[in-house]
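Below, subunit A partners subunit B and then partners subunit C, in two separate complexes.
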Partner chain A sequence: MSALGLLRRAALLLAVPALLVAAWWLLTAGSTDFFWPPLSQILGAFDDTWFHGRFTRDVLPSVGRLLAGYLLALVIGVGLGTAIGSVRTLRALLEPVLEFFRAIPPPVLVPILMLFAGIGTGMKILVIVSGCVWPVLLNTVEGVRALDEVLGDTARCYRMRPHSRYVHLVLRGASPQIAAGARQALSIGIILMVISEMFAAGDGVGFTIVQFQRGFAIPQMWTGIILLGLIGVVLSLLFQLVESWALRWYTGLRGSEREG
Partner chain B sequence: MTAAPAGTAGTALLDVRHVRKVYEGAGRSVEAVRDLTFGVAAGEFACIVGPSGAGKTTLLKCVAGLLGCTGGEVVLEGARVTGPPPGMAVVFQEYGRSLFPWMTVRQNVELPLKERRVPKARRRELVDEALDAVGLGEARHAHPWQLSGGMQQRVAIARAVAYEPHVLLMDEPFAAVDAQTRADLEDLVRDLWKRLGVTVLFVTHDIDESVYLGQRVIVLSNSPTVVLEEVAVDLPAERDQLATRSDPRFAELRARVYKLVQQAKSGHRPGTGDA
Partner chain C sequence: MTRFRAALAAAGLLLLSACGSGNDSDSGGGPATLKLSVIPIVDVAPIYLGQQQGFFAEQGLKLQIVTAQGGAAIVPAVVSGQVDFGFSNYTSLILARSKGLPLKVVGPGNASTGQAGKDFGGVLVKAGSPIRTPKDLAGKRVAVNTLNNINDTTVRASIRKAGGDPANVRFTELAFPDMLAALDKGNVDAVQVVEPFLTTGLKAGDRLVASNYVDTAPNLTIAGYFTSQKTASSKPELVKKFSAALQESLRYAAAHPDAARKVLAAYTKISPAVASALILPKWPASVDRASVDTLARLAQQDGLIKTVPDTGGLLP
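Coming up: the complex of A and B.
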């Protein structure tokens, strides 16, 4: 790609965010509304609020719990999903139950989970897992079920061993759907990270935002919200990086199908 | 037991005995294959022709151990087939879908060898040889979806060949390629067969192809399927697209098989007199 092309892409990518920030800046400039402080004031408070102790005290624990819960949900979702997707009777047995659990909004589980998992780190991770696992699980089941039976026959006929069948056929074949589920799970995970910290916590971004709000530290509260947005953007960029690497073949395949 | 089983010649590598297959669907059962019996000798090239829907694919899957027979049995190298046996390679009718799209051509061909735990150096040799044989040496790092249909077909053939099977099953492998590629692939398969001494069971609905390729053509009736007749192809072993196809004997055999397939389509069955 030429330098000019790169520049064009960057401009396209950043145009709308830049406009929004500019609008926010202009609309709140000189604002005296207590709840809508000028953006300049919010940004001015950003560094002081987050990068003098709170980053390691609140941000890292939050992100750590998020990643722990998210990865755990991936492992459980993919593990169970491939099992359920491969065994027809298991699928018939479990599918209605799974749909039921998926339909429960995860935040309502927080008070229940608090009852028997306490209010520590374990509970927060559990909350994240309990919300993230469903899209991964259901999409994995779908992906495994949609595996081409000709590929399955090929694997049998060339006597692929169970382990390599699992890795090279089942996981790879279902990976586009697994990635779709994982993407949904990521945004659910961020929401649950914040919510789990709002009920009972001693640290974390969500906890800190609530503290600011209760203490009427409005600019600081706004910095927290911006920080959450930034965390979301960074994680989603990382996700896209991994996804586009793992699914290169799928992008190519789709492209060739469109042409052909 | 010291005596060879009566009825069979005892030299057959592959024995299909009274195979019957009924698909049980929701409230509906389809008798795809009624009663098929034939043998294929070691190193033989046998073709199976029959009308569309005659159960050719079904038969092949039973032979490959991918489907259980409802009745009868398939015996390969003296052992009853209950699952995919070692030393058997299959080229599927839907060859494009039989390649792993997340692997390169090379990885696709190599995978079965890895599963067989062939040492790395030997693996490389076999893969390169097979890809060169089908003229795909240049495309080894491409993914299947970057190739044309005919090239994908050749990858599937290369994978089967590199596996060094004793038995090679092919299900209408050239149905979707153009005439020129088809002729090339036919010669390629004949070549490989002669060079490797593999036993080939080749399914096709193309009468010319069956006579051109095979040493014997097994004609199936329409569904529910039995063997209508077997035609021995007594053409010279050396076949050539132009010379063989203009051989008067080729025309005779072709006409014979053609008539049988016509009969099969109109519902004629063996032992029921005239067509």
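Coming up: the complex of A and C.
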């Protein structure tokens, strides 16, 4: 890509965020409204609020719980999803139940989860898992169901072992769908990370934002909201990296199909 | 390009109108509508009672009660003018005041009964707990409904009064309805509860180890009704009428505790059996200034605020 093309891409990427920040800055510039402080004041409070102890005390535990819950949801979702997707009877048996459970918003489960998972880190991770697992699970089921039958028959003819059949046929074939579910789950995970910290928490970004709000430290509260957004951006960038690496065969395939 | 500009202008307008939403409760003839935001708990029984008795109508007010989940949502609603008056505990009001929020108390809310062991709030432990006095709470896990607020500061005051060190008490935030289960399961060692959970816990065999409001100050004022400075100066008539109706309601509730217990069924889910057994707070006619100063001092001592604000400007 030429230097000019690169510049153009960067401009396209940053144009809207820059415009939004500029609009925010201008609209709040002379604000005396207590709950809408000037953006300059919010940004001024950012460093003091987060990078003098709170990063390790609140941000890292939050992100740690998010990643633990998210990865656990991935493992459970993919594991159960491939099983349900592969076995028709299992699918018929479980589908109504799954639809029932996925419709329950995790926040209403928190008081119940507290009864058997306590009020510690385990409960918070469980809240994240309980929400993240659904898009992964349901997309995996769909992905496995939509596997190319010819490929399945071929694998059978070649007597592929169950393990390599699972890894090379089932998982790989369903991986574009799994990735779509995993992407949805990531944003749900961030929301639930915050929500789980509103119950019985002692640290975390969500917890800290609520504390700021209750203590009427409004600029600091806004810095927390901005930080949450930034965490979302960073995680989504990381996700894209992993996805493009894991699905490089798929994007290659799609590309050649389009050309051919 | 023009369309884009128009869209941008529209978006700007939307933002502006979102920032400045307010209401005009003084406009028009007939009774003035008054919006009051409260948390639906035992403490605000006089308001519901006063509404039933017609004390607000007598003042020419049409009372509209807006219930909120927590005090944190009430202050912004009052400051932005979405509601005229709100109900909050004094520690929250002191915190808000110290950050420069222009709030003004218009009348007392409720107060501790002042009798140790017979107050409407206290610290419970399980029957077999080794914790016997507030001093034993040092180093233990104690649940409060909101951290850095009136309940943890007064529990610390209680521990200090008993000669203990509150520095290493581990406070955990739990909603009142979740506390007794958490105590029962051993997730926490003690819980700071108010009615009706206090009576429910005692009935279930839990043991009271501290009356934290009583230990903090004699006649500790807990909460009050407030408005914004803006409403106070732009609608003095409304404020005057509201305080008059409020005073009447508080007086009536204090004189008729049975009526107050009965009205609980109208806006809470408290069962009649618990409602008839629970300990009602005191509904005093005036704010105990000394105890508000005590709360401000405690907030500063526990690091909630840096400097003690002038409570005189906050109080009526």
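The rule is simple: the second predicted complex is superposed on the first by the 254 of 260 C-alpha atoms of A that agree within 3 Å, B and C clash if a C-alpha of one lies under 4 Å from a C-alpha of the other, contacts with A are read in each partner's own complex, and residues count from 1 in each chain.
The rule we apply is simple: a residue touches a chain if its C-beta (ideal position, glycine included) is under 8 Å from a C-beta of that chain, and two chains touch if they have at least 3 such contacts.
In this text the structure is predicted, and so the values were computed from the model without any measurement.
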Check: Once subunit A from each complex is brought into register, does subunit C clash with subunit B or fit beside it?
Finding: fit
Notebook entry, point to check: After superposition on the shared chain, which partner residues are touched by A:122: those of subunit B (first), subunit C (second), both, or neither?
Noted result: neither
Next item on the list: Figure out whether A:168 sits in contact with subunit B (first) or subunit C (second), or with both, or with neither.
Entry: first
Next item on the list: Please indicate which partner A:252 is in contact with in the superposed arrangement: first for subunit B, second for subunit C, both, or neither.
Entry: first
Check: Touching A:159 in the superposition: subunit B (first), subunit C (second), both, neither?
Finding: first
Notebook entry, point to check: What is the C-alpha-centre angle with subunit A at the apex and subunit B, subunit C at the ends, nearest 10 degrees?
Noted result: 150
Next item on the list: Using the superposition on chain A described above, determine whether A:202 touches subunit B (first), subunit C (second), both, or neither.
Entry: second
Next item on the list: Check the residue A:217 against both partner chains and state whether it touches subunit B (first), subunit C (second), both, or neither.
Entry: second
Item checked: Touched partner set for A:27, first subunit B, second subunit C, both or neither -> second
Check: Across all Cα pairs of subunit B and subunit C, what is the smallest distance in the superposition, given in whole Å?
Finding: 42
Note to self: Under the contact rule defined above, give the subunit A residues that sit at the interface with subunit B and also at the interface with subunit C.
What the structure shows: none
Checklist line | Of subunit C, residues touching subunit A in the complex | finding: 12, 15-16, 19, 71-72, 75-76, 79-80, 92, 95-96, 99-101, 143, 146-149, 170-175, 177-178, 181-182, 185, 187-188, 304
Next item on the list: Quick one: which bits of subunit A touch subunit B in the complex? Just the residue numbers, please.
Entry: 148, 150-151, 153-154, 156-161, 164, 168-169, 172-173, 175, 249-250, 252-253, 256-257
Note to self: Touching residues of subunit B toward subunit A in the complex: what are they?
What the structure shows: 61, 64-66, 83-84, 86, 88-90, 92, 94, 97-98, 100-103, 111-112, 114-116, 143, 145-146, 159, 163
Notebook entry, point to check: Which part of subunit A faces subunit C closely enough to touch in the complex?
Noted result: 23, 27, 33-36, 111, 114-115, 118-120, 199-202, 210-211, 213-218
